């Protein structure tokens, strides 16, 4: 919290908060060590497998997505069930860049067109593919496209005072519509198969330990940066207006704040963060496909935040890591039963732990 | 530059065939303190809603100075200098008393300015003064959620003061207050009224008497009677409405 | 004279090759009809080509013994042992004596044989005692495109007393005349077909157009005349399809209109309740298998069963979990998503991931032909009727019953209702159970048009929410109009945008509409709505 | 009956992941050979893929009864990629890098295969892919035991245009909008053009996954058929969408005699969810039908019925392809005397096996199996009446000559 907060009466929370802050720092440092441990000899007890590095990198991207959702939902009360769409759009922007980089190494050896365009009979690159051969442009698009979509949908909705579950339903329909649209082969995004078989990024071949470590650190940097940014925002008056909007939207209006502008700001920012997370996610997992737009994905991401504890930022990270780790573990250990465990967890947390795991820790700390 | 006044002429609001306001006209001069009374369903709250932009009138003119309020949304109207205190005290539970007042403080209201906002010494002083006034200095760091009902009323009045409006709309300010607090509120409102217009909606006739102001009586969405409290109390139409036929 | 229609050049060359053989047979027929039956019979045990030929000969012979043989062949109950053809009762079709059934195998046919079979059976059944069989026979003859049918059809028409059968026979006659050798007869056929309003008649005419260059003008006129009626017919059918899609949406959304629209509970497991209803239908059907006379009624029986099962599941969900989350709709949404995951996997483990087969009773199959040649499918019609019935019952339950009154009271003012002695907890549970039960009933209907699989519900949940929001939350009439409107809109867009874009377009239109009217088509107005 | 199997599968998964020693007859020596199973057990693809998981587990159990491979026990490692494509890649990496699987049987959809392909190539793993697909691919780390387009689509259309198939002159290509139908239809269009069928006589329409309202499309097909030429439907409709599609065909009274419909993705498993009476005579093209006669198939069907403890569950083409692939892999390992991927790959080329379809199938150096093509007509009992078979197994053309760009292909 910022210094503007009045000094009196808040002493009780401080030790717990410091412990938490220390824990985050340690966790980030430990994460930063992972790729290094990957280089240890295979027989070392501390060696971390390729799999662990890759899968942790993926979780980091999910954590950024969770952070973005928490900023909008936990602080401004905007529950978007379409954040997966922003994530996927960012991913598609990066995917388009990676496809352009394949160049003549594709199966059909076409110098410009990606394979799927060749066998679907495209003669030339569609206009919206132009420019994606440049990395900065692709990164820019990974932010602009989700941001723009969030702006349009947000502006129309917030202006019409569509709130709460109605907004959730609208955003859910948005991601569903996008999923259907991206499944169409005629859209020029590879249909159901999406983009795969990437070769390189920034001149580095992708399927190497080094590239994976690089991507891992990029994701970690994005996570750290997003966390710092989000914490800063929620510490300013902007953050306090957002909380006010969450708790009593119309009261904020009578104070003279344009609720639409504030909601729009945070929603667009959140979408941009989600887009960046998606952009890093794609080279890490090696595929982007319209399945990422599936409404279930967005709901799951919101559930990570709920599990961790919303409105705390750290809870979002905790939720994203714990739920996904659990999912990775269970889909191998109990392939037939993991849905029960995960579904049961979602039910239990929402009913019995309204403040999530973080709430549990905090009450334990007191 | 003179302070603006409120001007309502022929205002009607129709919900699904039900006339909440019916051809209501009302003028509040700059600096005036005005009490508005009326039985339940008389249209008091709807009138406030129309002035603050929450409800669009079906017909009629609402002006504040030169500004046409029927074309503006709540935030713009608030920024024109119209503040409102709700019947049910609405403060931001998750924020502290200090933060609640800080949000209300008159300052640029766009997101970017809020992001770059830093609390200056003068602003802090103003907040502290108001906290003093509303008797919440000791609770500055407590979240509003743990305040008592009366304290929440005070906090909301404090927020209204922070807004520094030219017109205050106050809806039942003394509900849940002790007699002493009620007196304190009346005095406060009388004092404020010197520099700005104040419209108070209240049921408590003792409190209205204590305000010592012009009184407007609403009934079924129209103006029934207007004048001093004594004039109004002796108006047979008012007596009929309040005591029934 | 040709035995079969010769529309295409390829078919024609083949026909000319076997034509001499057929002609010989034809002339031999009157003299030795009985021999022809016995001659043709062993052919049924041969290869597909031989079979087809044998079938045609059996049909042309008009021998009474051919009918049971051909029927058995069509039902795949005919068996063969070497070249002996065995009827279902175990007798040798040739001799009528019990046959050696050891090692006998079912006679299998393919489409080519089936096609010949239809023509042959059709001709033999023109004289059937049942009007339905005669109708079907006329239909078969219509498709078999053989000039040989002219005489039997003329005879049949002369005898026929049932108008709809007669009409069908006349059409069949026209079709048969179309391939006649005589030009005048042909013209007669063209004229009659030109008055029909079916795609089949149009196809026949166009087929004849290629074969008869000298009659192009007349055929074109006839086709144009059909087309003018087809435009109307197609518009009517599109409307029906839209209403049908709408009725599916209505069914899926009705339960939500109660749980979400009335109670404000976002139940993401709603689709899973629909799925439970569909599986209940399956279970009821399997239970009925033991009692054959009950089997056709398993579907109607499933309706109350599905209502109960989904309703009980709903009660358990409401009492066990949702009631702890009242006033927190977003948490309810997330929680019920978890419940949905669990239900889906539970059903997958209990019933397997594969689709389950739910039969359609005979009265739901096939096509209903309306005047003007408009064809509507029976099962879709039933779904529309069913959806309107369910809507009617729901409205009646809310407006006319004590429960409905209490429900409305609790929705409008919980505290006042409680002080008046209404047990609000019980009303909540019942309302939610009622909404869930409606979802279960939707599942019964969906089992007739979609997969009965654990994923059944997932495909409907978003559409259902959109319908409720579009129609106006809290308004059942809004849900009806919303569902039907979206269904028709979808079907109108579909032909020129394709199925995918039509769906996307409808979603975008709804989203834009909701921005303009956040409370939907039938919004509750006034102070109550502001709260 | 079914929960029994799933529980067993779950236990197998547990055992695999935790590496619990199974109670088994003694094996000669050496660590167990790990067999990865990468099929979706939840989500949209579970409907098709769970049967393949069971098939692999059945094969592992059977092989262990025979004493394993080279005296070493086989151990199945089951994971659930949950119909989620990035999860497929993640699970593939886990199977190879963490569980150290020597071979993986898995994937159904093309996109799942495309998703795991870079992982298999990077870590030099070995994948057996058992489903018919669009071709245009050949990875040294994958053996494709399902059909390429020339082993399914083209013979089927040839049949439709022949005398027995009704001499179709007009073809409606209906498919789900994804790469397999798109590519297959592109190949078919080129093929049909080469046979003198003009573009005006070809209708092409795509629908989304899980499309459930076929009224409009089926009536458009009827209209398309109303042009006076014999019309047939070629369906590449995928998975869930088939049940409502066939129901609509039946309800709108489209009989196989009038407009036959030949499908490439509809097998016994899919028909299990449909009342097949109105569909009698509609066709499917595969390389195997459960109704194939002969000793190899009888043995296969018995093995399945015994394993699944039910005589109601059907076998289908991808299961047969899984079976064939598994047997071939065992033969190749025994020939190479190693489970090393490079050694096994070399040993795979030219492997022969008498497959349940009743033909001897050979693995080509193009990583694809030679396969016979069979056309079956739907019968009332949900099985197929085989109306046509190629005399021999046909080698796969995974790079279709009907796709002109293949001329520029690298390598």
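Letters A, B, C and D mark the chains in the order given here, with residues in each chain numbered from 1 onward.
To be clear about the criterion, contacts are C-beta pairs under 8 Å (C-beta built on N, C-alpha and C of every residue); 3 or more make two chains touch, one makes a residue touch a chain.
Just so you know, these numbers come straight off a predicted model, no measurement behind them.
S.K.: Taking each chain's centre as the mean of its C-alpha atoms, give the chain farthest from subunit C.
M.R.: Relative to subunit C, the chain whose C-alpha centre sits farthest away is B.
S.K.: If I rank C-D and A-C by number of C-beta contact pairs, which comes first?
M.R.: Greater number of contacting C-beta pairs: C-D.
S.K.: What's the distance between the Cα centroids of subunit C and subunit D, rounded to whole Å?
M.R.: Their C-alpha centroids are separated by 29 Å.
S.K.: How many angstrom lie between the CA centroids of subunit B and subunit D, rounded to a whole number?
M.R.: Centre separation, subunit B to subunit D: 73 Å.
S.K.: Roughly how far is subunit B from subunit C, going centre to centre by Cα mean, in whole Å?
M.R.: Comparing mean C-alpha positions, subunit C is 65 Å from subunit B.
S.K.: Between subunit A and subunit C, what's the gap in Å when you average each chain's C-alpha atoms?
M.R.: 45
S.K.: In subunit D, which residues are in touch with two or more of the other chains?
M.R.: 6, 41-42, 177, 206, 208
S.K.: Multi-chain contacts only, two chains or more: what residues does subunit A have there?
M.R.: As it turns out, subunit A has residues touching two or more other chains at 180, 183-184, 336-337, 339.
S.K.: Specify, in ascending order, the residues of subunit C that touch 2 or more different other chains.
M.R.: Counting only residues that touch two or more other chains, subunit C contributes 344-345, 349, 458, 500, 503.
S.K.: Would you tell me which residues of subunit A are touching subunit D in their complex?
M.R.: Residue list for subunit A touching subunit D: 49-51, 54-55, 58, 105, 107-110, 116, 118-121, 180, 183-185, 190-194, 196-198, 206-207, 281, 285-287, 289, 291-292, 328, 331-339.
S.K.: Where on subunit A does subunit B make contact in their complex?
M.R.: Result: residues 4-10, 233, 236-238, 240-241, 243-244, 246-248, 250-259, 261-262, 265 of subunit A touch subunit B.
S.K.: If we count contacts the way the header does, which residues on subunit C are in touch with subunit D in the complex?
M.R.: 7-8, 10-11, 14, 48-49, 76, 108, 110-112, 114-115, 118, 143, 199-200, 202-210, 234, 237-238, 241, 244-245, 248, 344-345, 348-357, 359-360, 365-367, 375, 377-380, 448-455, 458-459, 490-491, 494-495, 498-500, 503
S.K.: Along subunit D, where are the residues that touch subunit C in the complex?
M.R.: Residue positions touching the partner: 2-3, 6, 41-44, 46-47, 49-51, 163-167, 169, 177, 205-208, 210-213, 215-217, 219-220, 222-223, 225-230, 240, 243-244, 247-248, 250-253, 256-258, 260, 269-270, 272-275, 278, 280-281, 283, 377, 379-380, 385, 387.
S.K.: How about subunit A: which of its residues touch subunit C in the complex?
M.R.: 79, 153, 156-157, 159-162, 164-166, 168-170, 172-174, 176-177, 180-181, 183-184, 295-296, 299, 302-303, 306, 336-337, 339-340, 342-347, 350-351, 354
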